[in-house]
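So the structure is just underneath, and the comments pick up after that.
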(Lines give C-alpha, C1' and ligand atoms only; values in the text may rest on other atoms or scores of the structure.)
Protein backbone atom coordinates (compact mmCIF):
# COMPACT_ATOMS: atom_id res chain seq x y z
CA UNK A 1 0.00 0.00 0.00
CA UNK A 2 1.47 3.31 -1.11
CA UNK A 3 0.66 6.72 0.28
CA UNK A 4 0.93 9.93 -1.69
CA UNK A 5 1.29 13.20 0.26
CA UNK A 6 0.77 16.78 -0.87
CA UNK A 7 1.30 20.02 1.07
CA UNK A 8 -1.37 22.72 1.25
CA UNK A 9 -0.98 26.15 2.85
CA UNK A 10 -4.07 27.81 4.38
CA UNK A 11 -4.78 31.35 3.09
CA UNK A 12 -7.48 33.90 3.97
CA UNK A 13 -9.58 32.62 1.04
CA UNK A 14 -9.91 29.23 2.80
CA UNK A 15 -11.06 30.54 6.16
CA UNK A 16 -14.41 31.88 7.34
CA UNK A 17 -15.71 34.25 10.01
CA UNK A 18 -15.18 31.59 12.70
CA UNK A 19 -11.45 31.95 12.09
CA UNK A 20 -11.06 28.39 10.77
CA UNK A 21 -11.10 26.70 7.36
CA UNK A 22 -14.65 26.61 5.92
CA UNK A 23 -15.97 23.03 5.83
CA UNK A 24 -16.42 22.85 2.03
CA UNK A 25 -12.86 24.03 1.41
CA UNK A 26 -11.32 20.85 2.86
CA UNK A 27 -12.81 19.12 -0.20
CA UNK A 28 -10.77 21.48 -2.39
CA UNK A 29 -7.62 20.41 -0.53
CA UNK A 30 -8.54 16.74 -1.06
CA UNK A 31 -9.02 17.35 -4.78
CA UNK A 32 -5.69 19.20 -5.12
CA UNK A 33 -3.94 16.16 -3.62
CA UNK A 34 -5.80 13.77 -5.98
CA UNK A 35 -4.82 15.95 -8.98
CA UNK A 36 -1.17 15.91 -7.90
CA UNK A 37 -1.31 12.14 -7.33
CA UNK A 38 -2.47 11.73 -10.94
CA UNK A 39 0.10 14.25 -12.22
CA UNK A 40 2.84 12.25 -10.50
CA UNK A 41 1.70 9.29 -12.66
CA UNK A 42 1.99 11.52 -15.73
CA UNK A 43 -1.81 11.76 -15.87
CA UNK A 44 -2.68 15.41 -15.19
CA UNK A 45 -6.46 15.85 -15.25
CA UNK A 46 -6.35 18.11 -18.32
CA UNK A 47 -4.44 15.43 -20.29
CA UNK A 48 -6.81 12.71 -19.03
CA UNK A 49 -9.71 14.77 -20.43
CA UNK A 50 -8.12 15.89 -23.73
CA UNK A 51 -6.18 12.74 -24.66
CA UNK A 52 -8.09 9.88 -23.02
CA UNK A 53 -11.44 11.66 -23.04
CA UNK A 54 -11.98 10.59 -19.44
CA UNK A 55 -12.73 12.24 -16.12
CA UNK A 56 -12.64 10.80 -12.62
CA UNK A 57 -15.61 12.11 -10.66
CA UNK A 58 -16.56 11.85 -7.02
CA UNK A 59 -19.69 9.75 -6.45
CA UNK A 60 -19.69 9.81 -2.66
CA UNK A 61 -17.77 11.50 0.13
CA UNK A 62 -17.74 10.55 3.79
CA UNK A 63 -15.73 13.11 5.70
CA UNK A 64 -15.10 13.48 9.44
CA UNK A 65 -14.07 16.89 10.72
CA UNK A 66 -12.00 16.16 13.82
CA UNK A 67 -10.11 19.41 14.35
CA UNK A 68 -10.08 22.75 12.60
CA UNK A 69 -7.30 24.06 10.36
CA UNK A 70 -6.39 27.73 10.72
CA UNK A 71 -4.88 30.61 8.76
CA UNK A 72 -1.24 30.00 7.75
CA UNK A 73 -1.34 26.31 8.73
CA UNK A 74 0.77 24.06 6.56
CA UNK A 75 -1.26 20.91 5.97
CA UNK A 76 -0.38 17.54 4.54
CA UNK A 77 -3.04 15.81 2.44
CA UNK A 78 -2.72 12.08 1.74
CA UNK A 79 -4.11 9.77 -0.97
CA UNK A 80 -4.33 6.01 -0.46
CA UNK A 81 -6.12 3.60 -2.82
CA UNK A 82 -8.41 1.25 -0.87
CA UNK A 83 -10.09 -0.73 -3.64
CA UNK A 84 -10.44 -0.83 -7.41
CA UNK A 85 -13.16 -2.06 -9.75
CA UNK A 86 -13.64 -1.90 -13.52
CA UNK A 87 -15.17 1.56 -13.59
CA UNK A 88 -14.11 3.11 -10.32
CA UNK A 89 -12.01 3.06 -7.18
CA UNK A 90 -12.16 4.02 -3.52
CA UNK A 91 -9.69 6.42 -1.92
CA UNK A 92 -8.89 7.22 1.68
CA UNK A 93 -7.64 10.75 2.25
CA UNK A 94 -6.47 12.45 5.41
CA UNK A 95 -5.62 16.05 6.19
CA UNK A 96 -2.96 16.49 8.85
CA UNK A 97 -1.14 19.35 10.59
CA UNK A 98 2.12 17.78 11.69
CA UNK A 99 1.02 14.53 13.40
CA UNK A 100 -2.53 15.60 14.14
CA UNK A 101 -5.29 14.29 11.86
CA UNK A 102 -7.70 17.18 11.21
CA UNK A 103 -10.05 15.41 8.79
CA UNK A 104 -10.34 11.99 7.25
CA UNK A 105 -12.40 11.03 4.25
CA UNK A 106 -13.43 8.07 2.12
CA UNK A 107 -14.21 8.92 -1.52
CA UNK A 108 -15.89 6.74 -4.12
CA UNK A 109 -14.55 7.70 -7.55
CA UNK A 110 -16.04 6.80 -10.94
CA UNK A 111 -14.50 6.92 -14.39
CA UNK A 112 -16.74 8.76 -16.88
CA UNK A 113 -16.65 9.70 -20.52
CA UNK A 114 -15.61 13.38 -20.43
CA UNK A 115 -18.50 14.68 -22.57
CA UNK A 116 -21.35 12.16 -22.17
CA UNK A 117 -20.77 11.83 -18.41
CA UNK A 118 -21.49 8.07 -18.72
CA UNK A 119 -19.55 5.44 -16.74
CA UNK A 120 -16.78 3.78 -18.73
CA UNK A 121 -14.13 1.14 -18.00
CA UNK A 122 -10.87 2.45 -16.65
CA UNK A 123 -8.27 1.90 -19.44
CA UNK A 124 -5.92 -1.06 -18.78
CA UNK A 125 -2.75 0.98 -18.25
CA UNK A 126 -4.47 3.31 -15.74
CA UNK A 127 -6.11 0.38 -13.98
CA UNK A 128 -2.69 -1.26 -13.66
CA UNK A 129 -1.16 1.95 -12.32
CA UNK A 130 -3.88 2.34 -9.65
CA UNK A 131 -3.70 -1.37 -8.81
CA UNK A 132 0.03 -1.16 -8.12
CA UNK A 133 -0.61 1.35 -5.33
CA UNK A 134 -2.87 -0.94 -3.34
CA UNK B 1 -41.50 15.80 10.38
CA UNK B 2 -41.08 19.20 8.81
CA UNK B 3 -39.11 20.02 5.71
CA UNK B 4 -37.53 23.39 5.04
CA UNK B 5 -36.72 24.29 1.41
CA UNK B 6 -34.46 26.99 0.03
CA UNK B 7 -33.80 27.97 -3.59
CA UNK B 8 -30.29 28.31 -4.99
CA UNK B 9 -29.37 29.54 -8.48
CA UNK B 10 -26.20 28.17 -10.12
CA UNK B 11 -23.75 30.85 -11.33
CA UNK B 12 -20.39 30.63 -13.13
CA UNK B 13 -18.59 30.79 -9.76
CA UNK B 14 -20.16 27.42 -8.81
CA UNK B 15 -19.17 25.52 -11.95
CA UNK B 16 -15.84 24.07 -13.07
CA UNK B 17 -14.12 23.22 -16.35
CA UNK B 18 -16.29 20.08 -16.71
CA UNK B 19 -19.27 22.39 -17.16
CA UNK B 20 -20.97 21.23 -13.96
CA UNK B 21 -21.09 22.39 -10.35
CA UNK B 22 -17.76 21.66 -8.58
CA UNK B 23 -18.22 18.92 -5.96
CA UNK B 24 -17.21 21.07 -2.95
CA UNK B 25 -19.68 23.80 -3.89
CA UNK B 26 -22.73 21.61 -3.19
CA UNK B 27 -21.64 21.87 0.47
CA UNK B 28 -21.97 25.65 0.19
CA UNK B 29 -25.54 25.21 -1.06
CA UNK B 30 -26.30 22.89 1.88
CA UNK B 31 -24.92 25.47 4.30
CA UNK B 32 -26.95 28.32 2.77
CA UNK B 33 -30.11 26.27 3.32
CA UNK B 34 -29.13 25.52 6.93
CA UNK B 35 -28.46 29.22 7.57
CA UNK B 36 -31.87 30.15 6.14
CA UNK B 37 -33.53 27.40 8.17
CA UNK B 38 -32.06 28.97 11.33
CA UNK B 39 -32.93 32.51 10.18
CA UNK B 40 -36.55 31.41 9.71
CA UNK B 41 -36.49 30.48 13.42
CA UNK B 42 -35.17 33.95 14.21
CA UNK B 43 -31.72 32.47 14.83
CA UNK B 44 -29.43 33.88 12.13
CA UNK B 45 -25.92 32.47 12.57
CA UNK B 46 -24.44 35.90 13.36
CA UNK B 47 -26.95 36.38 16.21
CA UNK B 48 -26.34 32.84 17.46
CA UNK B 49 -22.64 33.70 17.68
CA UNK B 50 -22.92 37.23 19.10
CA UNK B 51 -25.86 36.78 21.49
CA UNK B 52 -25.77 33.12 22.48
CA UNK B 53 -22.04 32.72 21.94
CA UNK B 54 -22.72 29.48 20.06
CA UNK B 55 -21.94 28.01 16.68
CA UNK B 56 -23.28 24.90 15.02
CA UNK B 57 -20.46 23.09 13.26
CA UNK B 58 -20.42 20.14 10.90
CA UNK B 59 -18.73 17.07 12.42
CA UNK B 60 -19.38 14.63 9.58
CA UNK B 61 -20.83 14.73 6.06
CA UNK B 62 -21.94 11.78 3.96
CA UNK B 63 -22.89 13.02 0.52
CA UNK B 64 -23.94 11.11 -2.58
CA UNK B 65 -23.55 12.85 -5.93
CA UNK B 66 -26.24 11.33 -8.12
CA UNK B 67 -26.52 13.83 -10.97
CA UNK B 68 -24.73 17.03 -11.83
CA UNK B 69 -26.15 20.54 -11.52
CA UNK B 70 -25.35 22.97 -14.34
CA UNK B 71 -25.01 26.69 -15.01
CA UNK B 72 -28.29 28.62 -14.52
CA UNK B 73 -30.04 25.66 -12.86
CA UNK B 74 -32.52 26.64 -10.17
CA UNK B 75 -32.05 24.18 -7.33
CA UNK B 76 -34.07 23.43 -4.24
CA UNK B 77 -32.16 22.53 -1.10
CA UNK B 78 -33.99 20.85 1.78
CA UNK B 79 -33.32 20.57 5.51
CA UNK B 80 -34.92 17.83 7.63
CA UNK B 81 -34.01 17.08 11.25
CA UNK B 82 -33.44 13.34 11.73
CA UNK B 83 -32.36 13.17 15.38
CA UNK B 84 -31.43 15.39 18.28
CA UNK B 85 -29.18 14.93 21.31
CA UNK B 86 -27.99 17.24 24.09
CA UNK B 87 -25.07 18.72 22.18
CA UNK B 88 -25.91 18.01 18.57
CA UNK B 89 -28.33 16.91 15.89
CA UNK B 90 -28.42 15.05 12.59
CA UNK B 91 -29.80 16.60 9.41
CA UNK B 92 -30.78 15.12 6.09
CA UNK B 93 -30.38 17.48 3.15
CA UNK B 94 -31.22 16.99 -0.50
CA UNK B 95 -30.47 19.09 -3.56
CA UNK B 96 -33.10 18.84 -6.29
CA UNK B 97 -33.69 20.28 -9.75
CA UNK B 98 -37.46 20.08 -10.14
CA UNK B 99 -38.26 16.50 -9.10
CA UNK B 100 -34.82 15.05 -9.71
CA UNK B 101 -32.58 14.49 -6.66
CA UNK B 102 -29.06 15.58 -7.63
CA UNK B 103 -27.36 15.01 -4.27
CA UNK B 104 -28.37 13.77 -0.86
CA UNK B 105 -26.47 14.22 2.34
CA UNK B 106 -26.50 13.31 6.02
CA UNK B 107 -24.80 15.84 8.31
CA UNK B 108 -23.82 15.43 11.93
CA UNK B 109 -23.93 18.83 13.62
CA UNK B 110 -22.44 19.83 16.97
CA UNK B 111 -23.09 22.83 19.18
CA UNK B 112 -19.86 24.55 20.23
CA UNK B 113 -18.83 27.52 22.30
CA UNK B 114 -18.10 30.19 19.66
CA UNK B 115 -14.61 31.06 20.93
CA UNK B 116 -13.33 27.98 22.76
CA UNK B 117 -14.67 25.59 20.10
CA UNK B 118 -15.67 23.17 22.89
CA UNK B 119 -18.93 21.15 22.79
CA UNK B 120 -21.73 22.67 24.83
CA UNK B 121 -25.37 21.79 25.54
CA UNK B 122 -27.88 23.20 23.09
CA UNK B 123 -29.89 25.85 25.04
CA UNK B 124 -33.37 24.67 26.03
CA UNK B 125 -35.34 27.00 23.74
CA UNK B 126 -33.26 26.03 20.70
CA UNK B 127 -33.46 22.33 21.60
CA UNK B 128 -37.25 22.68 21.78
CA UNK B 129 -37.37 24.47 18.44
CA UNK B 130 -35.32 21.74 16.72
CA UNK B 131 -37.30 19.01 18.48
CA UNK B 132 -40.59 20.38 17.14
CA UNK B 133 -39.41 19.83 13.57
CA UNK B 134 -38.82 16.10 13.98
CA UNK C 1 -30.40 55.45 -17.50
CA UNK C 2 -31.81 52.31 -15.95
CA UNK C 3 -30.56 50.58 -12.84
CA UNK C 4 -30.95 46.88 -12.17
CA UNK C 5 -30.73 45.69 -8.55
CA UNK C 6 -30.20 42.22 -7.17
CA UNK C 7 -30.14 41.04 -3.53
CA UNK C 8 -27.32 38.94 -2.13
CA UNK C 9 -27.16 37.41 1.34
CA UNK C 10 -23.76 36.94 3.00
CA UNK C 11 -23.05 33.37 4.21
CA UNK C 12 -20.07 31.83 6.04
CA UNK C 13 -18.62 30.75 2.66
CA UNK C 14 -18.22 34.45 1.71
CA UNK C 15 -16.39 35.55 4.85
CA UNK C 16 -12.80 35.08 5.97
CA UNK C 17 -10.89 34.92 9.26
CA UNK C 18 -11.11 38.73 9.61
CA UNK C 19 -14.86 38.30 10.06
CA UNK C 20 -15.72 40.17 6.86
CA UNK C 21 -16.41 39.24 3.24
CA UNK C 22 -13.18 38.13 1.49
CA UNK C 23 -12.15 40.69 -1.14
CA UNK C 24 -12.39 38.35 -4.14
CA UNK C 25 -15.93 37.28 -3.21
CA UNK C 26 -17.39 40.73 -3.92
CA UNK C 27 -16.59 39.96 -7.57
CA UNK C 28 -18.83 36.89 -7.30
CA UNK C 29 -21.65 39.12 -6.05
CA UNK C 30 -21.10 41.49 -8.99
CA UNK C 31 -21.25 38.58 -11.42
CA UNK C 32 -24.46 37.19 -9.88
CA UNK C 33 -26.11 40.58 -10.43
CA UNK C 34 -24.87 40.72 -14.06
CA UNK C 35 -26.22 37.20 -14.68
CA UNK C 36 -29.61 38.17 -13.26
CA UNK C 37 -29.62 41.39 -15.30
CA UNK C 38 -29.16 39.28 -18.45
CA UNK C 39 -31.75 36.72 -17.31
CA UNK C 40 -34.25 39.53 -16.83
CA UNK C 41 -33.73 40.30 -20.54
CA UNK C 42 -34.40 36.64 -21.33
CA UNK C 43 -30.69 36.11 -21.94
CA UNK C 44 -29.46 33.72 -19.24
CA UNK C 45 -25.72 33.10 -19.68
CA UNK C 46 -26.24 29.39 -20.47
CA UNK C 47 -28.63 30.29 -23.32
CA UNK C 48 -26.27 33.00 -24.57
CA UNK C 49 -23.53 30.34 -24.79
CA UNK C 50 -25.62 27.47 -26.22
CA UNK C 51 -27.89 29.38 -28.61
CA UNK C 52 -25.91 32.48 -29.58
CA UNK C 53 -22.52 30.89 -29.04
CA UNK C 54 -21.42 34.01 -27.16
CA UNK C 55 -19.98 34.85 -23.80
CA UNK C 56 -19.53 38.21 -22.11
CA UNK C 57 -16.18 38.29 -20.35
CA UNK C 58 -14.61 40.79 -17.99
CA UNK C 59 -11.57 42.54 -19.50
CA UNK C 60 -10.90 44.96 -16.66
CA UNK C 61 -12.18 45.62 -13.15
CA UNK C 62 -11.60 48.72 -11.06
CA UNK C 63 -13.06 48.16 -7.63
CA UNK C 64 -12.97 50.32 -4.51
CA UNK C 65 -13.54 48.64 -1.17
CA UNK C 66 -15.07 51.35 1.02
CA UNK C 67 -16.59 49.37 3.85
CA UNK C 68 -16.73 45.69 4.73
CA UNK C 69 -19.77 43.43 4.41
CA UNK C 70 -20.34 40.95 7.22
CA UNK C 71 -21.97 37.60 7.90
CA UNK C 72 -25.79 37.65 7.41
CA UNK C 73 -25.75 41.08 5.74
CA UNK C 74 -28.37 41.53 3.05
CA UNK C 75 -26.69 43.38 0.20
CA UNK C 76 -28.03 45.06 -2.87
CA UNK C 77 -25.92 44.84 -6.02
CA UNK C 78 -26.61 47.22 -8.89
CA UNK C 79 -25.90 47.11 -12.64
CA UNK C 80 -25.83 50.29 -14.75
CA UNK C 81 -24.67 50.46 -18.38
CA UNK C 82 -22.23 53.34 -18.85
CA UNK C 83 -21.20 52.93 -22.49
CA UNK C 84 -21.56 50.55 -25.41
CA UNK C 85 -19.38 49.78 -28.42
CA UNK C 86 -19.57 47.18 -31.19
CA UNK C 87 -17.84 44.42 -29.27
CA UNK C 88 -18.21 45.44 -25.66
CA UNK C 89 -19.70 47.64 -22.99
CA UNK C 90 -18.83 49.29 -19.70
CA UNK C 91 -20.80 48.66 -16.52
CA UNK C 92 -20.89 50.45 -13.19
CA UNK C 93 -21.79 48.23 -10.27
CA UNK C 94 -22.25 49.08 -6.62
CA UNK C 95 -22.69 46.90 -3.55
CA UNK C 96 -24.81 48.49 -0.84
CA UNK C 97 -26.08 47.59 2.63
CA UNK C 98 -29.17 49.69 3.02
CA UNK C 99 -28.01 53.16 1.98
CA UNK C 100 -24.32 52.61 2.58
CA UNK C 101 -22.12 51.94 -0.45
CA UNK C 102 -19.67 49.18 0.52
CA UNK C 103 -17.93 48.79 -2.84
CA UNK C 104 -18.14 50.36 -6.25
CA UNK C 105 -16.75 48.99 -9.45
CA UNK C 106 -16.30 49.78 -13.13
CA UNK C 107 -16.14 46.74 -15.41
CA UNK C 108 -15.10 46.58 -19.04
CA UNK C 109 -16.96 43.73 -20.72
CA UNK C 110 -16.18 42.11 -24.07
CA UNK C 111 -18.29 39.89 -26.29
CA UNK C 112 -16.42 36.73 -27.32
CA UNK C 113 -17.09 33.66 -29.39
CA UNK C 114 -17.84 31.00 -26.75
CA UNK C 115 -15.30 28.43 -28.00
CA UNK C 116 -12.61 30.40 -29.85
CA UNK C 117 -12.52 33.15 -27.19
CA UNK C 118 -12.11 35.73 -30.00
CA UNK C 119 -13.85 39.15 -29.87
CA UNK C 120 -17.04 39.29 -31.93
CA UNK C 121 -19.68 41.95 -32.63
CA UNK C 122 -22.56 42.05 -30.19
CA UNK C 123 -25.65 40.82 -32.14
CA UNK C 124 -28.02 43.65 -33.14
CA UNK C 125 -30.92 42.68 -30.86
CA UNK C 126 -28.64 42.42 -27.82
CA UNK C 127 -26.89 45.68 -28.70
CA UNK C 128 -30.30 47.35 -28.91
CA UNK C 129 -31.35 45.88 -25.57
CA UNK C 130 -28.19 47.13 -23.84
CA UNK C 131 -28.46 50.50 -25.60
CA UNK C 132 -31.98 51.04 -24.26
CA UNK C 133 -30.70 50.90 -20.70
CA UNK C 134 -28.26 53.76 -21.12
CA UNK D 1 13.25 47.48 -7.05
CA UNK D 2 12.80 43.89 -5.95
CA UNK D 3 10.35 41.38 -7.35
CA UNK D 4 8.92 38.49 -5.38
CA UNK D 5 7.52 35.50 -7.32
CA UNK D 6 5.24 32.71 -6.18
CA UNK D 7 4.01 29.65 -8.11
CA UNK D 8 0.33 28.73 -8.29
CA UNK D 9 -1.11 25.60 -9.90
CA UNK D 10 -4.61 25.78 -11.45
CA UNK D 11 -7.06 23.12 -10.17
CA UNK D 12 -10.69 22.34 -11.05
CA UNK D 13 -11.83 24.52 -8.12
CA UNK D 14 -10.35 27.59 -9.88
CA UNK D 15 -12.02 27.05 -13.25
CA UNK D 16 -15.57 27.66 -14.43
CA UNK D 17 -17.91 26.29 -17.10
CA UNK D 18 -16.07 28.30 -19.78
CA UNK D 19 -13.05 26.05 -19.16
CA UNK D 20 -10.89 28.90 -17.85
CA UNK D 21 -10.06 30.36 -14.44
CA UNK D 22 -13.05 32.26 -13.01
CA UNK D 23 -12.32 36.01 -12.92
CA UNK D 24 -12.62 36.40 -9.14
CA UNK D 25 -10.17 33.55 -8.50
CA UNK D 26 -7.22 35.47 -9.94
CA UNK D 27 -7.61 37.72 -6.87
CA UNK D 28 -7.08 34.66 -4.69
CA UNK D 29 -3.83 33.95 -6.54
CA UNK D 30 -2.72 37.56 -6.00
CA UNK D 31 -3.46 37.28 -2.29
CA UNK D 32 -1.54 33.98 -1.94
CA UNK D 33 1.52 35.68 -3.44
CA UNK D 34 1.15 38.67 -1.08
CA UNK D 35 0.86 36.31 1.91
CA UNK D 36 4.01 34.45 0.85
CA UNK D 37 5.82 37.75 0.26
CA UNK D 38 5.04 38.71 3.88
CA UNK D 39 5.95 35.23 5.18
CA UNK D 40 9.33 35.52 3.46
CA UNK D 41 9.88 38.64 5.59
CA UNK D 42 8.97 36.59 8.68
CA UNK D 43 5.60 38.37 8.80
CA UNK D 44 2.97 35.68 8.13
CA UNK D 45 -0.51 37.26 8.18
CA UNK D 46 -1.60 35.27 11.25
CA UNK D 47 1.42 36.58 13.21
CA UNK D 48 0.81 40.12 11.95
CA UNK D 49 -2.74 39.89 13.35
CA UNK D 50 -1.98 38.12 16.64
CA UNK D 51 1.32 39.80 17.58
CA UNK D 52 1.18 43.23 15.94
CA UNK D 53 -2.61 43.45 15.96
CA UNK D 54 -2.50 44.63 12.35
CA UNK D 55 -3.99 43.60 9.04
CA UNK D 56 -3.17 44.78 5.55
CA UNK D 57 -6.38 45.18 3.58
CA UNK D 58 -7.07 45.89 -0.08
CA UNK D 59 -8.65 49.32 -0.65
CA UNK D 60 -8.68 49.26 -4.44
CA UNK D 61 -7.89 46.81 -7.23
CA UNK D 62 -7.37 47.62 -10.89
CA UNK D 63 -6.96 44.38 -12.79
CA UNK D 64 -6.64 43.73 -16.53
CA UNK D 65 -7.51 40.28 -17.79
CA UNK D 66 -5.36 39.83 -20.89
CA UNK D 67 -5.41 36.08 -21.43
CA UNK D 68 -7.12 33.20 -19.67
CA UNK D 69 -5.41 30.66 -17.42
CA UNK D 70 -6.55 27.05 -17.79
CA UNK D 71 -6.75 23.81 -15.82
CA UNK D 72 -3.32 22.44 -14.80
CA UNK D 73 -1.50 25.64 -15.79
CA UNK D 74 1.47 26.48 -13.62
CA UNK D 75 1.37 30.22 -13.02
CA UNK D 76 3.84 32.66 -11.59
CA UNK D 77 2.48 35.51 -9.49
CA UNK D 78 4.68 38.53 -8.78
CA UNK D 79 4.68 41.22 -6.09
CA UNK D 80 6.45 44.55 -6.60
CA UNK D 81 6.16 47.55 -4.24
CA UNK D 82 5.42 50.74 -6.21
CA UNK D 83 5.01 53.30 -3.45
CA UNK D 84 4.76 53.57 0.31
CA UNK D 85 3.06 56.03 2.64
CA UNK D 86 2.55 56.18 6.42
CA UNK D 87 -0.56 54.02 6.49
CA UNK D 88 -0.41 52.12 3.23
CA UNK D 89 1.40 51.06 0.09
CA UNK D 90 0.77 50.32 -3.56
CA UNK D 91 1.65 46.97 -5.16
CA UNK D 92 1.92 45.87 -8.75
CA UNK D 93 1.17 42.21 -9.31
CA UNK D 94 1.29 40.16 -12.49
CA UNK D 95 0.15 36.63 -13.25
CA UNK D 96 2.22 34.88 -15.91
CA UNK D 97 2.29 31.50 -17.65
CA UNK D 98 5.90 31.15 -18.73
CA UNK D 99 6.64 34.49 -20.44
CA UNK D 100 3.04 35.42 -21.19
CA UNK D 101 1.36 37.96 -18.91
CA UNK D 102 -2.20 36.75 -18.29
CA UNK D 103 -3.30 39.47 -15.86
CA UNK D 104 -1.79 42.54 -14.32
CA UNK D 105 -3.05 44.42 -11.33
CA UNK D 106 -2.42 47.48 -9.20
CA UNK D 107 -3.51 47.17 -5.57
CA UNK D 108 -3.84 49.91 -2.99
CA UNK D 109 -3.20 48.41 0.45
CA UNK D 110 -4.00 49.94 3.84
CA UNK D 111 -2.76 49.07 7.31
CA UNK D 112 -5.62 48.65 9.78
CA UNK D 113 -6.04 47.81 13.42
CA UNK D 114 -7.06 44.13 13.33
CA UNK D 115 -10.20 44.53 15.45
CA UNK D 116 -11.33 48.14 15.04
CA UNK D 117 -10.66 48.12 11.30
CA UNK D 118 -9.34 51.70 11.61
CA UNK D 119 -6.31 52.94 9.63
CA UNK D 120 -3.07 52.95 11.63
CA UNK D 121 0.55 53.83 10.91
CA UNK D 122 2.67 51.02 9.56
CA UNK D 123 5.18 50.16 12.37
CA UNK D 124 8.70 51.47 11.71
CA UNK D 125 10.38 48.09 11.20
CA UNK D 126 7.72 46.97 8.68
CA UNK D 127 7.83 50.34 6.91
CA UNK D 128 11.60 49.95 6.58
CA UNK D 129 11.26 46.41 5.26
CA UNK D 130 8.74 47.49 2.59
CA UNK D 131 10.81 50.57 1.76
CA UNK D 132 13.90 48.44 1.06
CA UNK D 133 12.06 46.62 -1.72
CA UNK D 134 11.31 49.75 -3.73
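We call the chains A, B, C and D, going by the order they appear; numbering starts again at 1 in every chain.
Assume contacts are C-beta pairs under 8 Å (C-beta built on N, C-alpha and C of every residue); 3 or more make two chains touch, one makes a residue touch a chain.
All of these numbers come straight from a predicted model, not from anything done at the bench.
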**OP:** Check every other chain and keep only those touching both chain A and chain B; list them.
**Re:** C, D
Subject >> B-C or C-D, whichever has more C-beta pairs in contact >> reply: C-D
Subject >> Distance between chain centroids, defined by C-alpha means - chain B, chain C (Å) >> reply: 28
Original post:
Taking each chain's centre as the mean of its CA atoms, how far is chain A from chain C in angstrom?
Top reply: 33
Subject >> Where chain C and chain D are represented by their mean Cα positions, the distance between them in whole Å >> reply: 23
Original post:
What parts of chain A, by residue number, touch at least two of the other chains?
Top reply: 12-13, 18, 20, 24, 28, 31, 49, 70-71
Original post:
Draw the chains as dots and join the ones that touch; what shape do you get: line, ring, star, complete or other?
Top reply: complete
Subject >> chain A residues touching chain C - in the complex, by the definition given at the top >> reply: 12-13, 15-20, 22, 24, 70-71
**OP:** State the interface residues of chain D toward chain A in the complex, per the touch definition above.
**Re:** 9, 11-13, 28, 31-32, 35, 39, 44-47, 49, 70-72
Subject >> Residues of chain A touching chain B in the complex >> reply: 18, 20, 23-25, 27-28, 31, 49, 55, 57-65, 68, 114, 117
